[in-house]
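Below, subunit A partners subunit B and then partners subunit C, in two separate complexes.
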Partner chain A sequence: MTTMRLRPQGIGLILGLAITVGTSFGPVLQARAQGAAETLRVANPVAIVSLDPFGAKAADQPTLTVAQEVLEPLVMRQDGSIVPWLAESWENPDKLTWTFHLKSGVRFADGSPLTSADAKASLDRLIAEKGPLAGLWAAVDTIEAPDEKTLKIRTTQPVGTMLSNLTMLGIAPAAKIRDTAFFNAPYGTGPFKVAAFTAGQQVRLVRNDSYWGEKPKLAQIEYRYIPEVSGRITALENNEIDFTWGLPPDQVDQVRGSQGLKVESFPTYSNYYFWFNSSRKPFTDARVRQAMWHAVDFAQIQKDLFPGTATVAKGPIPQAVFGSSVQKPYAYDVAKAKQLLADAGYANGFETTMMWSSQCCTAVREFAETLVSYWAKIGVKVVPQELERATWLDRLLKLDWDSTLTDGNTLTGDADFTLARLYLSTAKRMGYANPKLDELLLAARAELDQGKRAELYAEAGRIIWDEAVGIFPLDMMVHAAYRTNVTGFKPTPNAMPRFDSVSKK
Partner chain B sequence: MTRYLGYRILSSLVVILGAATIIFVAIRAVPGDPALVVLGPSATPEQVAALRTEYGLDGSLLGQYMHFLARMATFDFGSSFRLGMPATQAISQAFTATLSLALAALCIALMIGFPLGILCALRPNGWSDRIISSLSMTGQALPSFWVGIMLVMIFSRMLRILPSGGAETPEAILMPAVTLALPLLSIIVRLVRSGLLEVLGEGYVQTARAKGLREPRVVGRHALRNMLIPVVTVVGLELGGLLGGAVIVETVFAWPGLGRLLIDSIAARDYSVVQACVVVLVLGFVSINLIVDLLYGYLDPRVRVGS
Partner chain C sequence: MSVAPAAPSPHAKSPRRGKLDLRLLVPALFCTLYVLAAVFGPFLTHYDPVATNTSQRLRPPLTELRDGSLALFGTDQVGRDLFGQVIAGAQISLTVGILTLLLAGTVGTALGVLAGYRGGWLDTVVMRLADIQLAFPSILLAVLIAAVLGPSLVNVILVLALTRWVVFARVARAQTLAVRVRDFVNASRTLGASHLHIVRHCILPAVVAPILVVATVQFGLVIVAEASLSFLGLGMPPGTPSWGISIANGRNYLVTAWWISTMPGLVLSALVIAVGILGDRLRDRFDPNLTTR
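On to the complex of A and B.
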């Protein structure tokens, strides 16, 4: 009988619990949070999982996008040329020595002065962490800080890329640089400092009021990760965010037509490219590779798949990169392609495979399928293999593939980053080896005269292009979309938008 | 009762161990290298090898497995390769988000589903029953990604009264919770309806009526609690499903929950987080089942075991 009386309470317990939980978690209708005029709300297309630009994420664009507002480099690349930043001048006493003189009066956001010991500690850590950018500094012999304002870097061989490498090195305070907790809310000498960070979800930056340069107009920047493109566009149209970028071509027109929104498209350091595995038959023969290039009408593909969102490439690296060059175009010529195949002994074509990563780049599947149909017309049957990124990477680096379609990004804005990293025969990236090319690339890396470097890269680019080590179809544009009350945005070709000059009405 | 409980807890532990073993093997059987994913295509073989050592992936598989089990015993899953924080920390944030979403959905489903089910059962085949029953069939059939997108279109784009995603504001939970609740709500309506109809034909209900009790009391006190067992079973199982199955809703609404964390971690071959996610989900599922089974005994003394 006692239990009988308890049972209605059991029902009450469940419903009561339900009501309590329901009211505490949720349906409290509040006035929709409107963006304050001094806060820029940004939705990044890729999750920001770390704010430490020295370790494993040193080449990670989402990490660097935030880090560049916080940690500043010694020199910066502006409109294609190198300008002094935290270093006001530098000289080369000899070809193996670089002496940098730091600007006076620069302080970190905590008030401590910037010294050459901070610059030394930052470079020391980047090298010690063995992350993806450590390779840029392989020739560094010693790093010294003889006095507070002088930094001396000695190298084992001349390094022509020293300045462009330095644009990638943000300076953090030496006292904190080995403290991993510091990188949950890092600060530097930059216009903003980190106020809050939840890995993979959100970052909030606040203005550094003691900034040495021109103070930013924004008081705060909030970065939020919205994985779905449609979600980002809706959030933008709804005034939940002010700024986003990385829109796929097929969405750009829709946003362009929306009231109160603006789309800006600008050239980048990124391109699409298609590699042959030149160590595998039949791609060991340059004529086969050239035939594949002549067989595709890339101007038509650009019009059909990438209108206003990519341009037909003129060389193996995008035109915005230092060391780029204009090469002789491959005409769309099916007869010539067939002739080249016949000369190489493949008059009846052949069968091969092409892999790509599903997460590679916008419209990659449509692009790949279009290529397959063009190649079918010259008797080359290409079996498409769409792979998950981790699997694709694994096979790519093991050279376990026939051909691949992918995108590349010349992160430092310097031809060396792409050409010497990938095309030296010691890199073993696509099975192509050419001593003449190696010689040019190494000479360019060791040349301190930037004019001569540009000539050497033009020559190296010509070999890669004419030998068809890969097919270089399109240079990418990046599309930033923002509300029209956002002003002062200046696009940069590294596709990592900066907001220190931006204001919001 | 204690012996039964001990037995149930022991068998739950076996289930968790089994799941942990399967996920340990499965995630390593998938091609792809976590070190490579972190370093990206510009990595050199030396860098990859160095990072593998740092991650503890260069030892034998058996050694790694024993290490994993030993640490799991203290609820330590190691550090996330991708996020650079302990896996348990990454999970606890995401688990809180998923749990709030699942509970909110459950509340909506119970609070709406119960009254509607009762309404149907009171006048079977009446007009209200027909409308509610057919609507609940529809509700169960609609795919959640479609419902989610429709809600966004109506409430975010047209009416502009709810945020389209994220978890920044309290009302942001409304649309994902409703989307998640819809199929469960429909199941509850139908279960309550059929359960109540069955019970209302029983002798003790007639006795209650014959005693002169009024209808609300007959339904509320005598009939309703006797049809709770199937409802509790289904709700328990569904709640377990809600924890792991919210991936689609979490993606549509950019809800920072466990499902999304799991998908991102699998793509990055972030072994420690994948293992921790699966173990936590299995633990949740097993605990809910255990609670449901114990609730039976409370709701219906006939089911009590071992006493």
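On to the complex of A and C.
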């Protein structure tokens, strides 16, 4: 197989070679062309800046999109329910203990066997890095590996989200887990391993030939970052790439009309949201935040800017997520907005800033400019700040901002992932602190009865919505566009396409 | 916009005095039109860069909008009138162009005259600095500095002035070197005139004409540079109606709504071409080496 693989210089060079020396090296090139048919060329909509899913990028979609092909979790969420994956079974001896039995015969891509020590090391590092996912594991007391195939997690209180949290934990080899160089070309037990990675530009995955499960049909996946939407569409139409996703609404129709291309739209766990920094004036006052919400006609924006690509949100998390709820909508009411501002002591409005990442989400600049326009009508002058993603993320985590527009993805499909990860006062993500909300979220996390959990999340969602911790305008659909010779793609609502079942004709 | 300026031919005969010089007049008229549009246009179009109207987005040129007004250039991706946007952009472009040239021209000429008049180590230092800077592509340098300073009007002017002073300095120095050994300068010196007097009354008058010609040529380049920086998100802050930003906004709509990028692009090209021809013509007229032909 190795001889058929494309060298890192890429297809362009090989095509060039084909033209110049085609006659003399015919058979070799034929073999290489066959390799090209087994290579899926993907253009990701957001740059992949890191392949380390344990560190600061642990909740970063671009990183996880690649990591999920390489590092596998103990359990997986498929069609809404949890299924065994690297762990073949588990039990709760008591409410505070989880015992997992690992599948035997699973090996990492380098040939070393998977043991419970690897799972322990992976979870240890995720917690130690204090990254964006560490909050999910706050209740973990001890992690033990009593024998090679058993992992025992003890918690300080019952954790109802243990399994959905574990779907997010890819297992990496314990020997490499703290080696930063390893994450330039990580490998795990997954169907693919990383062959080459250039931060922000491209990632090349090759098939893990010793994969324990059903072997993928693709020999290679090449992720290229093409920042321009028009560039991505052109590349797709010109057969330079096979697959892309995250297309803005205005461009979807153009692709739909193209021959040889297929568009698939599906609802997701993601939504657009706008956060106020509630620790900064004037957003410390809930009336100001509510006024900002009442000032915008989101139904109109959805109709004009996101036709068929988003729906007006009914709650702070998308309806497809476990624990979602339907809240009382904020009416578009300029007079009420002005009244609320006046009540809060800002009758003449105020000036503030709104930041967003330039690579963030579909039609983000259009959306942001429209919001700024609506707010100008109630006397609130919002200075837009379009930032490069790394800068934006850095400022976001440091709480160094007034307001921000972004999209969120409830990666685990469980309300806890979004609500308790972001809105607990200890998370310090948007400066909002409410002991009542903390209590609800922690109670829901500790509850093993899923029905009761759903009720608690509905209550928590109501507080977040009514207090206008943020504005939750739209639940998003994702559009994947691919060439018709790509088959076997199965959309997942977490909007991170997987390619292990995909093949190319 | 339909009046196409006559193409310049490099070996055109010098016009006789008193006759209409179309190659000077047409581009000059064009530039005047831009200045008038920039100064008075905003009063007529009432363009508000913040106000969006999503229900009337992506309307093609010459569409009548719901309030009865005519969108001459169409509307952009959030429903703002492109004509108003382009006029407001003219204001930004001309402001940046003029202020940058004033700054770069003053600093560059001063340094150039000083270097040329004084000579010695000062000349070496200033001109080698200029040479080093010229070795870098000016737009690359501008991108580098702009990325550090962040987007704002003042920063754009500073950045562009920093990349342009060299051109002025070199011309001013060359002219100074040529003039300072002329007989009338030597005569003044023999009569006891101070350095300041000589520079003011003998050197500067000789430097002004070529500097003005250089300024005209540079004007177009500065405007393009501003648009390029803004296009890259390093020039004017987002939300300002700079031509570069308008063009960048339309990138994703080139197939479905070509006018968003095309209209500001055409207006930008027309201005740069007009200024270019004007500068060319002025050089033909004022360059002492050419008038003797």
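Rule of thumb we're sticking to: the second predicted complex is superposed on the first by the 325 of 505 C-alpha atoms of A that agree within 3 Å, B and C clash if a C-alpha of one lies under 4 Å from a C-alpha of the other, contacts with A are read in each partner's own complex, and residues count from 1 in each chain.
The working rule: a contact is a pair of C-beta atoms (placed from the backbone, for glycine too) under 8 Å apart; a residue touches a chain by one contact, two chains touch by 3 or more.
Computed from a prediction, not measured in an experiment: that's the story for all the values here.
K.L.:
For A:Ile226 in the superposed arrangement: first (subunit B), second (subunit C), both or neither?
P.N.:
A:Ile226 contacts subunit B only, not subunit C.
K.L.:
Look at A:Lys130 in the shared chain and tell me whether it touches subunit B only, subunit C only, both, or neither; answer first, second, both or neither.
P.N.:
Only subunit B is touched by A:Lys130; subunit C is not.
K.L.:
More residues of subunit A are touched by which chain, subunit B or subunit C?
P.N.:
Result: the larger residue contact count on subunit A belongs to B.
K.L.:
Could you look at A:Gln300 and tell me whether it touches subunit B, subunit C, both or neither (first, second, both, neither)?
P.N.:
In the superposed model, A:Gln300 contacts subunit C only, not subunit B.
K.L.:
Would you sort A:Ala199 into first (subunit B), second (subunit C), both or neither based on which partner it touches?
P.N.:
First partner only, subunit B.
K.L.:
Once chain A of both complexes is superposed, is A:Pro248 in touch with subunit B (first), subunit C (second), both, or neither?
P.N.:
Touch status of A:Pro248: second partner only.
K.L.:
Just to be sure I read the superposition right, which of the two partners does A:Val49 touch: subunit B = first, subunit C = second, or both, or neither?
P.N.:
Once the two structures are laid over each other on A, A:Val49 reaches subunit B alone.
K.L.:
Who does A:Glu240 touch here: subunit B (first), subunit C (second), both, or neither?
P.N.:
first
K.L.:
Determine, under the contact definition given at the top, whether A:Ala390 touches first (subunit B), second (subunit C), both, or neither.
P.N.:
In the superposition, A:Ala390 touches subunit B alone.
K.L.:
Does any part of subunit A touch subunit B in one structure and subunit C in the other, and if so which residues?
P.N.:
Touching subunit B in the first complex and subunit C in the second, residues 228, 230 of subunit A appear in both lists.
K.L.:
Show me the residue ranges of subunit A that touch subunit C in the complex, using the header's touch definition.
P.N.:
Residue list for subunit A touching subunit C: 228-230, 248, 250-251, 253-254, 300-301, 303-305, 358, 365-366, 369-370, 372-373, 376, 383-386.
K.L.:
Provide the residue numbers of subunit C that touch subunit A in the complex, in ascending order.
P.N.:
Per the stated touch rule, the residues are 50-55, 57-58, 77-79, 233, 237-239, 249, 251-256.
K.L.:
In their shared complex, at which residues does subunit B touch subunit A?
P.N.:
Its residues touching subunit A are 30-33, 36-48, 50-51, 82-85, 90, 93, 100, 103-104, 106-108, 110-111, 114, 149, 152, 156-157, 160-166, 168-171, 173-174, 177, 220-221, 224-225, 228, 251-254, 256, 260-261, 264, 267-269, 298-299, 301.
K.L.:
Contact residues on subunit A for subunit B in the complex?
P.N.:
Residue positions touching the partner: 3, 7-8, 10-11, 14-15, 18-19, 21-22, 25-30, 32-33, 47, 49-50, 52, 56-57, 59-60, 130-132, 134-135, 180, 198-201, 224-228, 230-231, 234-235, 237-238, 240, 359, 388-391, 393-397, 406, 421.
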